[in-house]
Each structure stands twice: as C-alpha cells, then as structure tokens.
Amino acid sequence: MKKIGILTSGGDAPGMNACIRAAVRTALLDNIEIVGIRRGYSGLIAGDIISLDRSSVHNIVHLGGTILETSRSPEFMTVEGRRKAIDILKREGIDGLILIGGNGTFRGGVELSKESDIPIIGIPGTIDNDLYGTDYTIGFDSAINCAIQAIDRIRDTAQSHERLFFVEVMGHHTGFIALNCSIAGGAEELLIPEDPMDTDELCRRLSASFARGKKSAIVVVAETDKPGWSFHLARDVQDKIAYESKVCVLGHIQRGGSPSARDRILGSLFGARAVRALQKGADGCVIGVIHGVIQYTPMPDTWKKKKPLHQDLMELRVLLSE
Amino acid sequence: MKKIGILTSGGDAPGMNACIRAAVRTALLDNIEIVGIRRGYSGLIAGDIISLDRSSVHNIVHLGGTILETSRSPEFMTVEGRRKAIDILKREGIDGLILIGGNGTFRGGVELSKESDIPIIGIPGTIDNDLYGTDYTIGFDSAINCAIQAIDRIRDTAQSHERLFFVEVMGHHTGFIALNCSIAGGAEELLIPEDPMDTDELCRRLSASFARGKKSAIVVVAETDKPGWSFHLARDVQDKIAYESKVCVLGHIQRGGSPSARDRILGSLFGARAVRALQKGADGCVIGVIHGVIQYTPMPDTWKKKKPLHQDLMELRVLLSE
Amino acid sequence: MKKIGILTSGGDAPGMNACIRAAVRTALLDNIEIVGIRRGYSGLIAGDIISLDRSSVHNIVHLGGTILETSRSPEFMTVEGRRKAIDILKREGIDGLILIGGNGTFRGGVELSKESDIPIIGIPGTIDNDLYGTDYTIGFDSAINCAIQAIDRIRDTAQSHERLFFVEVMGHHTGFIALNCSIAGGAEELLIPEDPMDTDELCRRLSASFARGKKSAIVVVAETDKPGWSFHLARDVQDKIAYESKVCVLGHIQRGGSPSARDRILGSLFGARAVRALQKGADGCVIGVIHGVIQYTPMPDTWKKKKPLHQDLMELRVLLSE
Amino acid sequence: MKKIGILTSGGDAPGMNACIRAAVRTALLDNIEIVGIRRGYSGLIAGDIISLDRSSVHNIVHLGGTILETSRSPEFMTVEGRRKAIDILKREGIDGLILIGGNGTFRGGVELSKESDIPIIGIPGTIDNDLYGTDYTIGFDSAINCAIQAIDRIRDTAQSHERLFFVEVMGHHTGFIALNCSIAGGAEELLIPEDPMDTDELCRRLSASFARGKKSAIVVVAETDKPGWSFHLARDVQDKIAYESKVCVLGHIQRGGSPSARDRILGSLFGARAVRALQKGADGCVIGVIHGVIQYTPMPDTWKKKKPLHQDLMELRVLLSE
C-alpha cells in the first residue's frame, strides 16, 4: 500500500477528528502517503483532495465536527458519479480508502467496491449508534453526554416547579440515544421506535406517577422522522391530563461540541487499526468493537442486519422507572 | 426589624439560591430571624414556612433552581387570597418581606403592600432580564451562557455541512437573551420582538449571505409567546430559498444549570443589600444595579416602564453581522 | 433476603449515587428492605444507619460525591471494630451487604466475611480504575473527561505561547487516568509508574520535539504518592532545556463533578445487578464488567492480582506521540 | 486613517478573538484596511504581519487563546528593538495601532508612542483584571467561571469526606480572581496579597469553624509570585491543626477554554469602539468600561494608578464567611 485516501461522509460526529488524526499518524509511521478527501463523496467526485501530514492533524483531537467536512452526494448514488470518483482515485494513485460514516456511507462504499478494485475499509462514525457490527460508534458517547447535561438542567427547574417536560433527542429509526440518556438522566418516561407507547398509555402512566406524589416528570422522546413532533405530543398530553407541559428539542446541539474522552479514544483506536487492517489486506468490511474487542464485519451487514437495543439496558430502564 | 420572610416566585432563575444564602447570612449576622416561605405566594397562603439558619444555606451557592421552590398563584391575585397571606404574616410575626422574582411577583407585592403595613422589598430574579430598574437580573448571565454553548455546538456541525440553523431561545416579550447570545455566539441573523423582520426579508438576507460565499448560517429566534414557532419559520424559509434547515428549541434548558459566577455574585450582593435596606426603612421598592451602582426603584416602575434593549449592543450586532 | 445494607467507603467517585439509586429501586421492586450505612465503615461501627425508599434516591443520579458519605476507618481494621460492626448488622437484621469502593473497602469486606456469615458483595467504585476484576470502575470515565477538559483549556494557551506544560493527574500506583487522558487529550509526553522515564530522557525527547518545530508541549504526569511533585520536575526540566514551564495540579477536581453518562449507566447496572446477585446467593465477590459482560470476581483477587494497563492503548499512545 | 495594525501581547485571555473579530469587521465596514501582527511585539519587530478580512475572523468568536498568538519580547524593551518596529510600521503604511494586552503591553506602547507619531490605542485583555481604567478586563469573567467550576467539583468530594482543600488560583499581585471566586464558589477562607493572613491566624479560623461543626473547608489562595506555594501552606496547616489537607493548583487552566458570554460581548464592544476611537483621533489611551460606560484612560495611568479591589465585594465576602 502506497497511498491511502480518507473521507468523512453523512452526518458529522464528535470524535471523527481524533480518528482522522490517528489514521494519518499511523500511515506516516508506516511510510504510507495519506490524503484527505474533502466533503465526502461530493469532494471525491470533484477531486477536492488535500495532502495530510503530522501538522495537518496537530491540535484537532478535541475539536467537534470534521476537518475534512462532509456532505450527502446524490451524484455518487449514480453509476456516472462513481465512475468519476474511481477515475479520480486512479489518477491520484490512491490504493486504499477509509470511509468514516454511517449506513449511507457504507452503501456507497459497497457500490464503489463492486466497480473498482481499490480496497475499502469503513469506520463507524454516527451519533445514532444504529450500526450493526459494533457496540459503539464514534460520536454516540458524546451525544448522550450532551443530552444528559440538558436533562440535568431541566431537572433543576423541574424541582422548583410542578411541570411536565418533554426532551426530544436524536434518533431516526432507533432509540439508542433516547434509551441511554433516559437511564443516565433519570427520566420518568421514554418514547422510542422500538418500544412505542400511545398517548393514552403515556397519560395513564404520568397520571399514576403524579397521583403517587411526584410533582414533575421528564419524558425523553426520540425524534424519529418527525423532528419537533414533541410539541404536538405535549399539547395532546396537556389537554388530556391538564398538567402544564414544556418542550425542548435538542436537535443538532447533540451533534457538536468537543468529543468525550471515550469517543476520542475509540476514534483513535479505529483510525490506527483501519490503516493497519488495510495493509493486511482487509477490504469491504467495517471495523467495530464488540464486547471490548476489535472486530471486522462485512459492509453490507451493517445495514442488512439490525442491531437491537441492549437488552440489559431495556430491563434496567424499566426497573429504574417503575 | 425582628423577623424577615423570604420567598421566590414566578419562574426560577440560576443564582436565586446564592441570593437566599446571602440574605440569610446577613440577617443572622444582624441578629434578625429569617424564615423561608416555600412555593411562592401559594406557600405563603398555605403557611408553608420553614426556619432558616446558616446550615440551611450551606452548600447551595452553586445550585440551579431555588431551594424554596416557586409557583404561580392565581389565589394570590384575589383579595381573599392576600387576606389569608397577610394573616399568616401577622401570625408568624414577620415584619419584613423579601420577594425574589419578576413582574408578576412584584405586581402581587404591590397589592400586598396596599393591604398591609409590612415593609416589602423586591429582588429582580428572572432569566429574561426584562425588568425596568436594573441593568441585570439574577439568572440572565447564566441563561445567555447556556445559550451560547448550544450555539457553539451547532457551529461545529455548521462548519462541516452546508446548512441553515434556527436556534430558539427564551424571551417572551423581549429580546435581551436573543440579542446578547446572537452577539456572543456570532449568529448571522436575529429575530426579536423589538426589531421584527418578516420571512421574505430574512430569506433575502440569507440568500445574499450564501451568495457571498457563506456555507451555513445560524439564526437566533426569541420564542415570544409561541414556543416552537421556529419549526414553522424554518419550513417557510426552506420552501422559499431551498436550503436545508434544522431547528433547535432550547426551552427550559436555559433556566437550569449551575449559575454563572456573575449571577452568584449579583445574587449575593442583592440578597445582602436587601436585608440591610429593609432595616433602613426601604419599602415597596426593587433593588437593582444601574451602571454598576446599587439603586432602588419603586415597584410599579418595574412593569410600567419599559427597559429598552441596550442601544450599544443593537448597534454592535448590526456591525458584526453586516 | 429480607434487608440489605449499602455503604460507600474510601474515596468517593462520580456515579456512586446512580449506583445507590439503582440498588435501592431494585431492592424495593423485589420487596427487600434496604438501608444506607452512612460514612462507610465508621458509620457502620457507630450504627449511623438510615432507611432508604424511592424518594431518598429521587434526583440524585446526576450528583457527584455520595449521599451516604464516606470515610476511612482505622477502627474497622481491628478485630474489635469489626466486632462492633457485626453486632450492629445483626441488631439491624441486615442479611446482605453491598460495599461500594476500592481495594481498602474490599480488604475490610473480606475480614468481615471471615468473622460473620452475612453475605457481602462488592461494587468497584474508584476513579483510579486500578481494580482487578473489571475493565472499568465507577468514576473512571468521569475523571478522564474532567482531565481532558483541563488539557483542552491548556491547549488554547499553549497554541498562543511557546511553552511547556505539566498536567498532574490522579493515579497513586497506576497510570490508568494518565494514559487515557494523554491519548484523549493529545498530550506529547506521559509519565506513569508502569513505564517510568527519567528526567534526562524526558528532556531529550522534548528537545527533539522542539527541534522538529513544535512550539509547545503538554506532559501528563501521574501524581503517584507525591502529589505536587510536578513542580519539582518542571523546575528540573526548565533548568536543563531552558524552556519556560508551567504546572497545573488537578487534584480532587477529578473526583467531583456530575458523573458522565457512562458512569451513571455503569453505576446503575452494577447497583441493580448486585442486589439480584445477593438474592441468588453471591457472597465474597466483586461485580465487574469484562469485555462488555458482567462478571463476578473473588474479593481478594481484586488486590492480589494486578490489572495491567490496556496493551492496545499503550501501543496507541506510542504511535500517536511519535 | 487608512490601515490599522492589531496585535495581542503578554498573557493570552479568552475573549481576545472576539475582540479581534469586532475590530476587523468594524474597520472593513469603515473602509479601513486592517492587518494582524502575529506574536505581539516579537512579530512586529520581525515583520510577521498578515492581512485580515471577514473570512479571517469567521468562526473565531468562541475560541480561547488568540489567533494572532502572543509573546513577551525583551527586544522591544530596547530602543533598537522599537526602532525596527517603527520601521516596519512605516514600511507597511500602518497609521493606527491597536494593542490588546495588559500592563507590560501598554508600557511598551507608551515607549513606542514617544518614539513615533503613529496613533496607538490599548484594549485591556488579561484574566487578572489588575488594570486601572476599567472595571473589567477581557478574560476575567471567563477565568472566574473556570475557577468556580473547579471549586464546585471539590465541593462534591468535600461533602463526602472530612477534609480541608486549598485551591490556588491565578493572581500575581492582586486578588481579583481569588476574591470573586471565593464569593461565587462559597469558599470558607481567602488568601490574597491585598489582605494577607498568616498561617497561625488561618489555622485559628479553620479550627474555630471545625469546632462549630463544619466538616470541611475550602481555602482559595492567590498564587502571587510563587506558583505552587499552596503545597507548602497546606503542609504547614496540616501539621498545626491535624486536619487532612488536599491541594489543587489551577494554573493555566484558567487562561484557556471558550470565553464566557460576557467576555465575548465586552471584547466585541472594545474591538469595535477602539477602531472608531482611532478614527476620531484617540491616541495613547486605553479603552475601558467604568460603571457600565465606555471610558478612555491615559496609558500610563493603567500601571501608575492602582485599581483597588471592589470594596463592596470585600465586605460581602466577610459577611458571607462569618
């Protein structure tokens, strides 16, 4: 291997910079050239490529976002788009590619793999943690730490008032963030796609809780594909149980901020190992950590197989909120 | 003066506990008994009163919310309600009353003053900073610090993507929080009640900014009396200028959290001075800080007169966003 | 099992309250009485015991420290002291004991086990992470997050100046905190007991780094048994390589603060499982998480066996700092 | 005025970037060219000058440190050094100079003024707040917020244990930081140059406090010119009153980190006004805010006159700690 290209694609996640930094330093130590492809697949198609050396990744380990920027590229979803991309990769002499991102990123990677012979390795970077093949993705720990800080703040005011709070956190199809921050934040109720609860049931549970003497309650809600839907939900609940409701929608706050220690270390480990794995012949797989051990999973499994919510945390949540 | 009562009313604000602590310590040092009236005017009517000593206020200076809790009391808005309150105050031998809160709190205080002869002093505690008679209210500095941390986090992701972000901050009738955090957060646009901008004008400005090369923009929006309205606004703007929009509604996150240094110091200063002012005969006024100096303003002025946004900050914002 | 006692002992660690809360809620759900023994073994000997119900552990999940307080008890190290403790346990009808703490706590627990027939289970709670039998202890993740925030702040000023910074972090006999925060904080050099480096070698490495063009460097130092020794080290280095040196000693800052999401979840999981394990007959063991799975280790192993630093992180650090 | 130069000198302070940003934007709006002189006076002598446009100061308002970097320049203290500097300024056509820094910076500025006819204006940027001519300097509010967060963390552990904590904060000749954070942090004792207390008196006060039932105490100590001296002090006190003592030395942690809202706004205001003042003919003065109003003070006054600690805060502290 002589020259590795690295890109970040899809939604950015805290820890991606630590990952890029570790990949660059490992490659240079191994005497491999490494270049950064800017703005994900869009930048690849456009040939927006920069060389990376030790100083390029100096003082970035603590930064949120990604220094390589990211985008979603409809053009890359076409054969023509990928054709351009492969031409660029050939022209640049890139003989190894590292993709940091989520499902969409890896789908693109699999198509690229079919149409070229350049070895590709994926690194799971998404705050949602919804990728099969790894217990944790880069950015997840930062996102739940961000969310619990918000919940902690609401707790202060919840104790002073008699109120019902809805906190909407990220999570498109999955409740990983919501589940984890409901436990860590000590929330009373949880609404996630994997374990739906209708408004009547939610009202019944809240009323029972208030009847038992609780003065306030925090409901953690996964945003699903309807960001802002907590406002409607809160109005419904308020109408039904006549308890003043307040809403907070965290949105992209959860995506930013300085990465947590865990995400920096996980990102660094993934970045270093990905470079080594490419050299050892890895291709078409995604690195991950399963039960504390680094593992490699075929790229298509990351979206074909569904990663279930941790069963022990689901049980723990029920136990803590009863 | 032999016995002072202290209560917090209306919305809670970070720094109220520092204020309570300073009032208690000053009273005790001056050999005055001091009691806490819990849950604002509701607790006063119900006679929910606790004695306060040095240990009651130990280790609270850093806590958000208020250890005395707060509420809104419709009953206190009636003559009968206030009659009960005055009976309780007489029965308890309270001959001085400290009210920590905002407009609503002081309106109640003025009515109470008319119907009793107990000296009353107000302390401005509200994150909104919308009180005439003081440049700063307890909680305002903490609220804007909370809001800029959210904006900073969004900035990370804004730099990685091409996007338009709406951050809805608190501010019912006034834009103090929004104005200050748009300057401190480096936001591109600002929507406040004092300086309204219609959607077309906002779109025009954003389009011009993107045309000049900016890739992303952050719009700070005061929630006014329609919390969540940013979702509608974002949809309108996205429809008009075809730029992907994301929304974050901070809500009560801004109300909680550990108070900033400034709010702790301001709260402590107000608490200590209010006790001393009561002893010197102050009655029916609100303490405040104007141009760095402690001042006393007649209670009715705090809502009859309108505090304008700082003119120099309005000019500064225009200058920085041009 | 009818009545469980729970105590925290030794140094406090963020996440202990989440652990207590989960233990209490699980016990109550299982219809077991649970009491809190205050101030560790000292409180046990003194019979300082409080009953715990759901409301006792309401709103504590986010608090640093431990609501049960802690202490070190020389008296418990004597047979007489433990005799008193056992009498108290018998008198109270406690037939199951949960000990949250570190090495010293478990040594006491083993002695207690030998002299009584009360089942005992340990939960690893120490920021140092230096316990065999678990990959992570409660408090470790919070401590490294605290330390990297300090390093990040120093990084700001390091970039503005030409300077050498020493950051002394906790770690008596082990370098877990120092190793993890040197990776996550992007520190240039690391001084830990497991991998000592003499001052000459440190100076040589720093000089080489400055010669290569670096303007500043951050050295992470484990405090070992000489808190504050970084001041001496910094003076030595400054004398030798004539580079202005600054020192920061984090000390007990790392022990406090609101626990990280991970420590809250880990603490909750340990607390709930410990109660269940006691019911199933566990005795004389410490709960832990090894490779993502809950495991039980005989108490004496936790200090007789030495937990090595993670080998993959040691390698990663070398790679990142070369 | 056609071309303004701006530099940061001495210790960096959070909020300097907000100040630079506002100066640049104001100058550009006023059709004045503006250049950044890197590394303070050293960079000026070396001609290390960069042009600044709107994009140079994009996304820096929230960053700690200074994008222009800073240094201390012995050479500038010589006539020859300043001669070179003046030549550079002439060569570059700089006809207005903005100096952001503290005492040392302004001393240099006054010498430069004597030897050239280039108008110079100073902006007070130092975390120590020890400058006559302004109630607040850029960076002070961030520094005390940093320090109280450290104290809050120690409070968690102080409540769990029986211990005495020494927290050493910045402050060379003055106790501004120490005084403010002792009030805001609720510290028991305070050691500052303006109000010295010998070890015997400190021991007497601490013993009296413990005798009254307090279990722990936090002593805030200004570092003075002996950083790390708290370790010696703590040992002395521990020897005398036999109470376990722990030390934390914040050091440069206080200098870094993202600036507080107040420092960003103050910095922005100073930056914008300095540009306007230069255009109106200001020369040889330092901008400041006194009792909420922008004021200009002759540069030499900033070090010849001593700014006293706020008297009301000194009184407040005594009152709160009695």
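Chains here go by letter, A, B, C and D, matching the order in which they are written, and residues are numbered from 1 within each.
Here, a contact is a pair of C-beta atoms (placed from the backbone, for glycine too) under 8 Å apart; a residue touches a chain by one contact, two chains touch by 3 or more.
These numbers come from a predicted model, not from an experiment.
Among the remaining chains, those touching chain A as well as chain D are B, C. Greatest centre-to-centre distance from chain D is found for A, with centres as Cα means. Remark: rotation between chain B and chain C after Cα superposition is 180° (nearest 5). Separating the CA-averaged centres of chain B and chain C is a span of 39 Å. With centres defined as mean CA coordinates, chain D is found 35 Å away from chain C. Once the centre of each chain is set as its mean CA position, chain B and chain D turn out to be 29 Å apart. Multi-chain contact residues of chain A, defined as those touching 2 or more other chains: 152, 155, 159. Chain pairs recorded as touching, per the definition above, are A-B, A-C, B-D, C-D.
Against chain C, the residues of chain D that register as touching in their complex are 8, 11-12, 14, 63-66, 69-71, 146, 150, 152-157, 159-162, 165, 227-228, 231, 246-257. The part of chain B that touches chain D in the complex is made up of residues 18, 21-22, 25-26, 29, 55, 59, 61-62, 135, 141, 144-145, 148-149, 152, 155, 159, 180-181, 183-186, 213, 258, 260-262, 264-265, 268-269, 272, 290-294, 312-313, 316, 319-320, 322.
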